[in-house]
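Quick heads-up: structures coming right below.
Here come two complexes built around chain A, the first alongside chain B, the second alongside chain C.
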Partner chain A sequence: MSTMPSALTSQDPKYLTNNAIRRKRLSSWFYGLCVAIAFVSVLILVVLLAAIWAQGQSRLTVDLLTRAHSELEIERSGMWPSIIGSLIVCFVCAMAALPLGIATAVFLEEFKPTSKPLRLIHGFIQLNIANLAGVPSIVYGLLGLTVFVYMFNVFGQIKVNESPGLEIMGADHYYQVMTLQPGHVVFVPQEDASVREIEITEPIEAVDNSGNRFELAVWKPGTPRPKDEATKRQTIEEGAIGGTITRRSWYYFRLPLDKSFLSGGFTLALVILPIIIIASQESLRAVSPSLREASMGIGATTWQTVRHVCLPAAIPGIMTGSILAMGRAIGEAAPILVVLGATVMKGGGPEHLMDNAITMPVLIFNWAGRQQNEFQELAAAAIIVLLVVLLILNSTAIIIRQKVQKAHN
Partner chain B sequence: MSLPKALQSKEFRSTRIGVLSERLIVFSLATCATITVLITIGIIYMLVSQSAGFFASDAVSFSGFLTDTEWTALQSKDLEKAKFGILPLLSGTLRVTAIAMLIALPLGLVTAIYLSEFASRRIRSWLKPTLEVIAGIPTVVLGYFAILVISPSLQFFTDGFTTFNATSAGIAVGILCLPMVCSLSEDAMRAVPRSLREGAYGLGCTPFETSIKVVVPAALSGIVSAFLLAFSRAIGETMVVALAAGTLPTFTFDPSQQAQTMTGFIVEMIKSESEYGTVQYFSLYGVAMTLFVITFGMTLIGQIIRRRFQESYQ
Partner chain C sequence: MAIQLKNWTLPLAIAALCVAGCGKKSDTASTEDGAATSMTEEGAAAPSNMAGTIKINGSSTVLPISNAVAEQFGKQYPEVSVSVDGAGTGNGFKDFQVKKTDISDASRPIKPGEKEKCTENEVSFIEVPVAYDGLTIVINPKNDWVETLTIEQLTKIFVGEDAAKTWQDVDPSWPAEKIDIYAPGTGSGTYDYFHEVVVGKSDSELRKDMSLNEDDNILVKGVADNKNAIGFFGVAYYEESKDKLKAVQIINPKDGQAYLPTTDNIASGSYAPFSRPLFIYVSLASLKRAEVQTFVSYYLDNVSELCERVGYVRLPASIIEKGKANIENRVAGTHYISPEGETRSGALEDVFVESNLVK
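Moving on, here comes the complex of A and B:
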C-alpha cells in the first residue's frame, strides 16, 4: 500500500479554513484596488478637461478664431494663422506620408520573399520600422532641420539679404530705387542675381508698382529739377543706390527648403510614417487569406490581387489608422518647433511655397510659457479648439470603424 | 445567341508588358520600403556628422562630456567659460523618467489586469475608449496641465516645490505613458490562453492568484517590453518637460527642484535662436546623440524581448 503524501495526512482544518479566508479576502481587496486604480485614469481625464475648460472658456470668442497673435492687444489675440498653418502642414504631411506608408506596408505584407537572404532583409526592415516608431519626435525634428531646412548646406545657407539659396522658380528680383517724388519707389529688373546692389547713372528700363514698363530718367544735380508729379515719379537722382527686393509668386520654390511649411510637413511625415505603416500592415493582415487564394486561383498576379482584392478589403482599416496618425500629427509640437522655430508673429497663412507657418501646438506652447494671465487663459482656450479638432478627427475614425464592423456582421 | 460581355470585348495585353509592369510596381514598392531604412541611416549620419563638429572643438572633450557635472551651453555665450558635461541633463531626464515610471508602471499594469481579467464587457466598452482618449491628448496639453493643476496642488500639499519642478513634469509624463503601458500589457495578457486560467481556477486559485501567479508570468515578455517602450517614450518626451520641468540644469536627486532634461535643453537651444555654427549650437547634436542612443537601445531591447521570449501556446 502506498503512503499518502504528507499534505494529505497531516491536515490542520483550522489552518486550512483560515488560509482560505485569508486568500479570499486578499483577492477581494485586490479586486477593489483594481477598480479604484482603473478609475484613476477616468478621474485624470475628467480633472484635465474640467480644469482646461474652467481656465479657457471665457476666452472662447470670435476674436480667438479670426485674429492673429498680438503683443500689443493681448486681449484680442487670436489663433487664425495657426489654424490655417496646422491644416496646411498636416495636408503636406498626409500627402507625403500616406502613399509612402501604405506602399511600404503593402510591400512588407503582400510580397513576402521566399529565399533566405531576402527574408533576413525583410525581417530587418520590419525591426527597423518598429524602432523608428520609438525614436523621440524631437530627433526627427533635428533630422528635418538638417535634411530639409539646411540640406546639409549643399546649396549654401540661406541668409537674410545675402543669399537666397538656389532659387528654382517663382522669384523675380528687382532693384528698389527711390524716385524724386517722396515716398515713391520704382523697380529695376535684375539681370545678375549675384549683384545685390547697383548704382544707377544712366536711363534704364524700370517697372512701377502696377507693373507698367517705362524708361527711368536720371536727373543730374545742378540741372533743373523736374516739377510735375508724373515726371518726378519716373525720374531718379543720379547715383541712386538700388537694393535687391524679391517678388515671390505662390509657386516660389528654392533649395534648401528653409523654415517653410513644406519642411514642417515633411518632418511630420517622418514622425507618423512608422505609425501608418504598422496600422496598414495590421489591417492588411486581417484580410482573409481565402480571398487572396481565390484571386490567385483565377489567375491574377500578386499585384492584381493586391490592387483589386486586398486593398479594397483593407482600406477602412488603413483609413482609421491614418486618421489616428493625423491626429497625432496635428498635436505634435516638438518637431515643428525645431524645424520652423518658436516664433508666432505671423498675420495669416503661408503666401508661397517657401513661406513659414505656425501651428496650433506651437502657439499653445508659446502662450503657455508666458507669465501674463491673459496668455495663460488664451492657451487654455486654444487647447479647447485643438481638442475639438482632434475630437472631430477621432470620431470620424470611430464611425468608419463601426460602419465596417456592421458591414462585416 | 449573344456572347457574354467578357467575350465580346476582349482586351488582351501582351504578357511581356504585363510581366514588366508587375516587376516595375514591385520595384517601386520595394523602393518605398527602402526609404524607411534610409531614414534610420539619415538619423545616424546626421547625428554623427553634426556632433563630430561639437566633439572636434577644443573646448570639449569626450570624457569631459560624459563626466563633468556642469552644463552651461545656454548660459555662457563665451566659449571659454562654457561647460559641457551631460550629467546634469541626464540626471534631470532620469528624475523625470523615474517619477513617470513610478506613476505609469503600477497604474498601467493594474489597469491592464483589471481590463483583461475582471472587467465586464460594459465597463471595457467605455474604459478602453477613455484610455484611448488620454493616449490621444497632445503632449503640449499635458504640459500645460502640469503647470495649471499639478504644480499648484503639489505646492498646496507640501512645501518646498518650485513652480517648475521635476515631480509635476514626471507626473504628467506618467499620465502620458499610462495608456501605452496599459494597452500593450493588456494585449499580452489577452494572448494568454483561457485554458491556463481554467487550470488555475480548477486547482482552487483565487482570481488574485490566477492573475498574479499565472497570467502575469505567462505574459511577462509582453509586459517587460511594454515597460521598456514606455521608458524610452518617457525619456524622449519633450513638450511636457519643456513647459513644466524648468530651464535650469541641476545635478541633484531632489525631485522638488527644477530639472532641465536633454529634450528640454534642445528646445531651449532652438528657442534661443543661437547662431548657427557655434560650439554651443552644435552641442545640441551631442545631446541628441545621447538621447538617441538611449532610446534606440531601449526600443531595440524591448522589440527583441517581445520577439525572442514570446510564449506561444497552441
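Moving on, here comes the complex of A and C:
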C-alpha cells in the first residue's frame, strides 16, 4: 500500500468533483468555440451569397444566358460567349493537365528509382512540384505568355500586314479589294503568300462570296463610270489596293499559338498541374501495399500492377483532386487576362483553333469595374451563373466518381 | 474495361457542348439591325460581304468607345472580326510598335520614347482625336467650404511631400480637418494626365500618402463616405454617382471663371485644363486594307454619337472633320511632340493644328 502515489491514496472527493466539473466545462467551451469558428466561415459564405443574390437576381434573365456583351444596350448584355469560352478553355485544360498530371504522379510514386543519383533527381522533382503548387497564378500567366503565346519567337512573330506566323493548315488567303459599289468587296485568290498586298491595274480573275470565279473589270478614272449595280459589284477602280485576308477553316492551325483559347487552356493546365500531381500521388500512396505486393507476388510486372491494381484503386482519390483542380481552373481570371487579354466583345464561342475566347471570370472582372449600375448587377448575376456552372460540372464529376467506385467494388 | 470507358463520359459531354457552342453565334450581330442602320449612309441596309480581322489594343478608358463602335460596326459588317483589348495606353503602344495591332487606343498623346520605337520599327501612324473625357475633381456633398478650386490650390493639395495636410493649409478660412485623397493608380492614363496638369514641366511628384486604386468604383465609395475627402477620376464615373458626390468647379486659368465639368463646358473647352482628349492611333500600313479603312471611317462618322452613349463628351465637329481629312489624305505623324523631341501640351484646338505635325 505504501508504494501507491499519495494522489491515489488520499483523495479529496470534493476536489475531485470540482476538478471534473471544471474540465468538462472547459471541454464544452472548447466545443462551442469550434462550432462558432465553423459558423463564422459558413456565415461569411452565406452573407456573400445573399449579397450577390440580392444584387444580381433581377438580372438573371434569358438575355443573360443567350446574348453577348453589349456596350450600347447594357440592360440586354449577356454572357453566352463567355460560358462557351470557359467550358472550351477548361476542356483544353483538362485534356492537357489530367493525363500529364496522373502520369507524373504514377512515375513519382510507382517507379521509384533505386540508385543514389536517380533518387536525388527524384527528390528534386518532388520538391519542385511541391513548390510550384504555391506559385501565384499570375506567374503562370507570364510563363504561358512566353511559352504558348509567343513560343520564344522561334516560329517568327505574328505581325499585322506582314506575317501571320507559321501557318500549318486550314488557311486560304485572298486579296480583298473594294469595288465601285460602296461596302461591297471582291476577293482575288492569293498565289504567293509572301506578297501581302497587290495593286490592281489590269483585269484579273476574282471570286465572290459564294466562290464563283469571274473576270474583275477595272475602271479608269476619266472614262465613263459603270451605272448598274451588278457591273459595279464586279468593277474596281484602277490602282485599287488589295490587302490580305484569311479565310480560316475550323481546323486552322498555326504557330505560335498567339492569343488563342488553346494558349489559355494550356496555361491553366500549368496552373493546376501541381495540384493534380500531388492529389494523385496522395491517393496512390493510400493504396494498401499488400495489394501491390500480392500483385507482384503472382508475377505481375510493375506496369501491370499499376495498370490493374494501383490505378483502379486510386481513381476515386485522383478524381476528387481533379475536380477541385478544375474548379480552380474555371474560376481563374489572372492568367487568362495575361494570356488572352481583356477582350469582352465577341459574338460567340471560338470559331477555329486559333480563335480567341472570353471566359466568365474575365467578363465578371470587366463588368465589376464599370461605372454603370447595370453592369454591377450583371456582374453579380454572372457570378451566380458561374457558381451554377461550377456546381453542375462538379456534381457530374462526383456522380461519375460514384459509379466508378461502385464498378470497382 | 468498363471503368475506363466511363471516365470518358465527362470530357465527351463537354466536347459535345463545345461543338454545339462553336456553331451557334449569339444573336447580337443579327438582331435590331433597324436601329443600327438608320444612322449609317444610304443604301447600306444589307450587310456588307467585307471580311478580315482588325486588332485593337490600348487604353481601358477608350475601350468602351471602341467596343461601342465595334458593336455597331459588326451589325453592318458581320464578316469583319474586330478584337478590342484594353491593356492600358502604354501596353497598347508596346503592341503597336511591334506591329501586333492595327489601331492603338490612347487616353493621352503618344510619348517621345514610344514614337522613337515606332520610327525604329518603321511603323507610321495617323493621330486621330475621337472624344473628350472630363477629369472630375470630386468632394463629399457634406463638404460645405469648397465650391471652387484653382490650379494653384490643387497643386498645394496634391503635389510634393510638403503638400497641405489639412484644409486650413490650403485656405485659412477652411476648417483644420485632415485632407484624405483618393486617386487612380499610377499606371493609369488618368493619373498621368492629372500629374501633367498640376505638376507641369517641373520634376516634382504627386504626394505619396494618397489612397490609390485602379478600380474607380472604390474611389467613388471612398469620397462618398468621407466628409474630408477629395478625389479625381473620369467624368463618366461622376455622372453615374452624381447623388453621392459633389463636383468642384475649376477656375479656368485663362478667363478666371469657375466651370463645372458639364458636357457643354467640356465640349466648348471652358472646363480647362481638365478636359482631356482621347485618341486612336491608326497604322498607316494597315489603312491600305479595305476593312481597316472602312472601320476607321465608320469610327469617325459615328464616334460622336456613340461616345455620348457610353459616358464621354463629343469633340467639336471641326476636329472630327480634321481627323477625317488626315485619314483621307494619309497625313501621318503626331502633333504632340516637337521636332526636338519635346512634349507639347495645351488645349486640343491649339495643339491639333497642321503646323505642329511632326512625322
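Annotations
FYI, the second predicted complex is superposed on the first by the 314 of 409 C-alpha atoms of A that agree within 3 Å, B and C clash if a C-alpha of one lies under 4 Å from a C-alpha of the other, contacts with A are read in each partner's own complex, and residues count from 1 in each chain.
The criterion applied here is as follows: a residue touches a chain if its C-beta (ideal position, glycine included) is under 8 Å from a C-beta of that chain, and two chains touch if they have at least 3 such contacts.
These numbers were taken from a predicted model, which means no experiment stands behind them.
Clashing of chain B with chain C is the outcome of superposition onto chain A.
Shared-chain residue A:K24: touches chain B; no touch with chain C. Contacts of A:G369 after superposition: both chain B and chain C are touched.
In the superposition on chain A, A:P81 makes contact with chain C only, while chain B stays out of contact range. Once the two complexes are laid over each other on the shared chain, residue contacts for A:G243 go to chain C alone; chain B is not touched.
Of the two partner chains, neither chain B nor chain C is touched by A:E293. Look at A:W303: by the touch rule set out above, it reaches chain B but stays clear of chain C. When both complexes are overlaid on chain A, the residue A:V47 reaches chain B alone and has no touch with chain C. Once chain A of one complex is fitted onto chain A of the other, the partner contacts of A:V185 are limited to chain C, with no touch recorded for chain B.
In the superposed pair of complexes, A:E205 makes contact with neither chain B nor chain C.
Taken together, the two complexes place residues 157, 341-342, 368-369, 376 of chain A in contact with chain B and also with chain C.
Against chain B, the residues of chain A that register as touching in their complex are 23-24, 26-27, 30-31, 33-35, 37-38, 40-42, 44-45, 47-48, 51-52, 55, 99-100, 103-104, 106-108, 111, 124-125, 127-140, 142-143, 146-147, 157, 270, 273-274, 277, 301-303, 324, 327-328, 330-334, 337-338, 341-342, 361, 364-365, 368-369, 376, 379-380, 383, 386-387, 390, 394. By the touch rule above, chain C contacts chain A in their complex via residues 2-3, 6-7, 9-11, 13-15, 17-18, 21-22, 24-29, 32, 41, 43-44, 48-53, 55, 57, 60, 63-64, 67-68, 70-72, 74, 76-77, 82-87, 98-102, 215-217, 220, 236-237, 239-241, 283, 285-286, 288-294, 306, 309-311. Across the interface of their complex, chain A is touched by residues 18, 22, 25-26, 28-30, 32-37, 39-40, 42-43, 46-47, 50, 106-107, 110-111, 113-115, 118-119, 127, 130-131, 133-134, 136-145, 147-149, 175, 178-179, 182, 206-209, 212, 229, 232-233, 235-239, 242-243, 263, 266-267, 270-271, 273, 276, 284-285, 288, 291-292, 295-296, 298-300, 302-303 of chain B.
Residues 66-73, 78, 80-81, 83-84, 87-88, 90-91, 94-95, 157-162, 176-178, 182-185, 187, 197, 208-209, 241-247, 250, 312, 315, 341-351, 356, 368-373, 376, 396-397, 400, 403-404, 407-408 of chain A touch chain C in their complex.
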